[in-house]
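One chain, chain A, appears in both complexes that follow, with chain B as partner in the first and chain C in the second.
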Partner chain A sequence: MRKLERLAINDEGFIFDPETGNSYTVNKTGLFIIKLLKEGKSEEEIVKALSEKFDVSEEDARRDLVDFIEQLRLYGLLEGENV
Partner chain B sequence: MYRVAVSGINAVDNPGPGVGIAKGLKEGSLEISIYGLAYDAMEPGIYMKWLFEKSFIMPYPSAGEEPFIERLLYIKSNYGLDAVIPALDAELPLFIKSSSLLESYGIKTFLPTEEQFKLRGKDHLPEIAERIGVKVPETRIVTSYEELSKAVEEIGFPVMIKGIFYKAYKAFNISQATSYFNSIVAEWGYPIIVQQVVTGEEMNVVGVGDGEGGHFGLVGIKKLWITSLGKIWTGVTVRNEELLSATERFVSEFKWRGAFEFECIVNNRDIYLIEVNPRFPAWVYFATGVGVNLPDRLLKAALGLEPERDWDYPAGKLYVRFTDDFVTDMSEFQRVVTKGEN
Partner chain C sequence: MKEAYEKPVILKLKTGMMNKFGSSPAYIRKVRKEIDGVPVEELVEKFGSPLFVFSEKKLRQKFREVKNAFTLRYPNVEFSWSYKTNYLDAICAVLHQEGETAEVVSEFEYEKARRLGVPGNQIIYNGPYKPYDSLVTAVKEGARINIDHFEEIADLERVADELGVKPRVGIRLNMDTGIHPQWSRFGFNLESGQALDAVKRIASGGKLELVGLHCHIGTFILDPHAYEVEVKKMVDFAYKVEDQFGFKIEYLDIGGGFPSKNRLKGIYLPPEVAVPSVDEFAERVCSALLSSLRPGDYPKLILESGRAIVDEAGYLITTVHAAKRLPSGLKAYVLDAGVNILFTAFWYKFNVEIDREVHGTSEPCVLYGPLCMNIDVVDDLTYLPPLPRGTRLILSPVGAYNVTQWMQFIRYRPAVVLIGENGEVDLIREAEDLTDIVRREKLPERLKLEW
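The block that comes next holds the complex of A and B.
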């Protein structure tokens, strides 16, 4: 099972990893991205969605997305297969 | 009504498991009366009458088998005693050795065998790890300065310097390593374990083996907050399938009987075995609280009743320990001091 699918995520942005017992909080944007990643959306789709939802340029959205994904990897919450 | 005695009722800053065991037994399905076995009149459990109906000061196990068994027989003949759940490492060898004798007097236990008990020594970890297919931090067993410096040179800093049963320190250089080596030798003697530091999540599993390769439930946890003595203060249940299946392999490979705590460091798919304790940990009430009442199940196994085996506990349950206090009469303390029981 993919790591992301195992995470328990609530609407306030609290994330619990049942395998490691670690918990994290994310802001509204982070929560939005994680939900889309869980749905299996591609980087392009997420960039478009971010740009529409938060009214930012696709370039800014992409930069923030790449940065965020890197952080998820750093915490071991994302294994290579997603984006 | 079953009468069961529980030791380790020293609910202090380095708590024994007795109070947690008693809380589990109280919440179990058997009608029971619990007695506390203490080694000091100041052990708080003695005064916690809502858990321990009576408490008894015991002779130290080091005083020998005879006075210890006599004390248990005194309890049995005066107040009735069907089972004992010992919870302290120091008394386990005596209970294990005397279990048939106690059984012949109608006092039941459910304990590991002598061979299983010996596995708790950290020098046995590589053997356990190999048989159940987990890793163990690179380990050297040393008994001199020469061996110590050779071991740290081979493993590289930082290293863990550990006693065979107690104490563990992280050393970053040879002078720290030597100083921890000396302090453990002074307190606990030889040998000393020199171990590689492994990174990952520290997780523990509590369980009760049935002695035939199966078990009466497992609960995996991660300590979130610990005291300066390394004791859990808050924790969370985890469901790490690698860890749980390694624990099941341990139980089946060694046909573990009785309570145990399986301590590991988990790094993604790698499980490093750190320690096996042949008894309940002090946080055992956590298992009861998530629906796997291990103390109750162990008591049933001791009494020859069939315990439950379901253990589908949820991940993400939070354990919170807290300090509490109460006021009682000096006469309670006096009775313990003068009569050895209360």
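The block that comes next holds the complex of A and C.
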């Protein structure tokens, strides 16, 4: 099972990692991205989804997504295969 | 209708890391859209970024605060502007208008003060290195000279012979006032008897008139008691000199070193708590004077305060050029201003404000300057919300020492503006360009390139 799928995530953006016991909070945008990542969406699809749902350009969304994925990886919440 | 966008953020939750002062850094943000009523964006559009901005209102206000604190407590006080702290013409002119004389520590600063129109007798000439020619000029023009070492006594006696006058001079003392580090490299040591030897030497030469004592105990002194000790020791020594040698000590120059509301690295408490008010310093100094001076004797008290007056009047506007994520997980921003123009970043942690509301929780981040040098760190840890490229940061206080110690290194030095009391904005130093840097270079004919 992939790491992301093991995480307990509630609607408010509270995340619990049963493997390590660590917890995290994400904001609304972060939660939106994580949900799409869990569905196995590609980076490009996520960028498009972000710019359709939120008031943000594709360019800005792409830059922020790269940074956000980097953060997930640093926290060990994402394996290489996801991206 | 699309939803409002917020940069995606994930924060690891930690327990047991509460902030002692009760405010969570995750939600604090300090927004400053204007300086003295002038929009930050308007300043940058007109003068570029980075940009040093000085507030004339704040400068005059700080000076008057310091002036009132001392003049209310002692009848004979002179304030002398420490040129090295900030010798931009416009800044000096404001303070001279307020009644400050000029305190200079080199022939360059002396010339700069004279060029600005300060009469020689309104200049105090300090410093360990005073070239002979500058001593001749200073004596001719009636500047007050505070002697740093025995060599300088000999130099001044030569000047006296050359000009056929008896220069009125002061000597600089260093002493133990109970603070560390004790500054001992300037002037003559009091406790060892060296200072008394210097007086003997001056008296035996018979060519100089000793009229003043000077001392500067250190910088960013947070202990007002140190000044009390300094003043008492100076008064005791003055009377010793008067009684034994017949000189009349007309002034006691206690130097500067008063702190601004800046945050010295390594000091845990915020400056509002750690830095004593100017009134506390004034109270200590003046009551020490009044309690140790003989009845009816009020020698001039001279203060050379620099940082305490100008630091808080200076701001630096800088722009976020890029954001990146470090392998440690820490967020990093690349700014267009670094330690090349913010020399004091090595010792002080500035107040960081942003020019707009940014949504999202704050995260720990590091602020890097634009130099391709590992040491170029403006702030090694601060909390900011996720900043989009182009966000302006307003750093303060930066009015002291930065625009004198800045370097032309890798990049050009930026413009400096002064916001007047009625909101007028004047350019007081233009941004540099290539011509400023190559003006004094010479390329030998044989090295001319032909591509």
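In the analysis below, the second predicted complex is superposed on the first by the 83 of 83 C-alpha atoms of A that agree within 3 Å, B and C clash if a C-alpha of one lies under 4 Å from a C-alpha of the other, contacts with A are read in each partner's own complex, and residues count from 1 in each chain.
Note that in this section a contact is a pair of C-beta atoms (placed from the backbone, for glycine too) under 8 Å apart; a residue touches a chain by one contact, two chains touch by 3 or more.
Since this is a predicted model, take the numbers as computed values, not measurements.
With chain A as the common reference, the superposed partners chain B and chain C fit together side by side.
Working from the superposition on chain A, the chain A vertex angle toward chain B and chain C, CA centres, sits at 90° in steps of 10. In the superposed model, A:Ala8 lies in contact with chain B only, and not with chain C. Of the two partner chains placed by the overlay, neither chain B nor chain C lies in contact with A:Ser42. Within the superposed three-chain model, A:Glu19 lies in touch with chain B and out of touch with chain C [touch as defined at top]. Note on chain A: of its two partners chain C and chain B, the one contacting more of its residues is C. Put simply, the nearest alpha carbons of chain B and chain C end up 7 Å apart when the two models share chain A.
Overlap of the chain B and chain C interfaces on chain A: residues 22-23. Of all the residues in chain A, the ones that touch chain B in their complex are 8, 16, 18-23, 76. Contact residues on chain C toward chain A in their complex (touch as defined above): 2-13, 323, 325, 327-329, 360-361, 386, 388. For chain A in complex with chain C, the residues that touch the partner chain are 15, 22-30, 32-33, 50, 52-56, 60, 64-65, 67-68, 70-72, 74-75, 77.
Interface residues of chain B, counted against chain A in their complex, comprise 201, 203, 221-222, 224, 235-241, 266, 268, 315-316.
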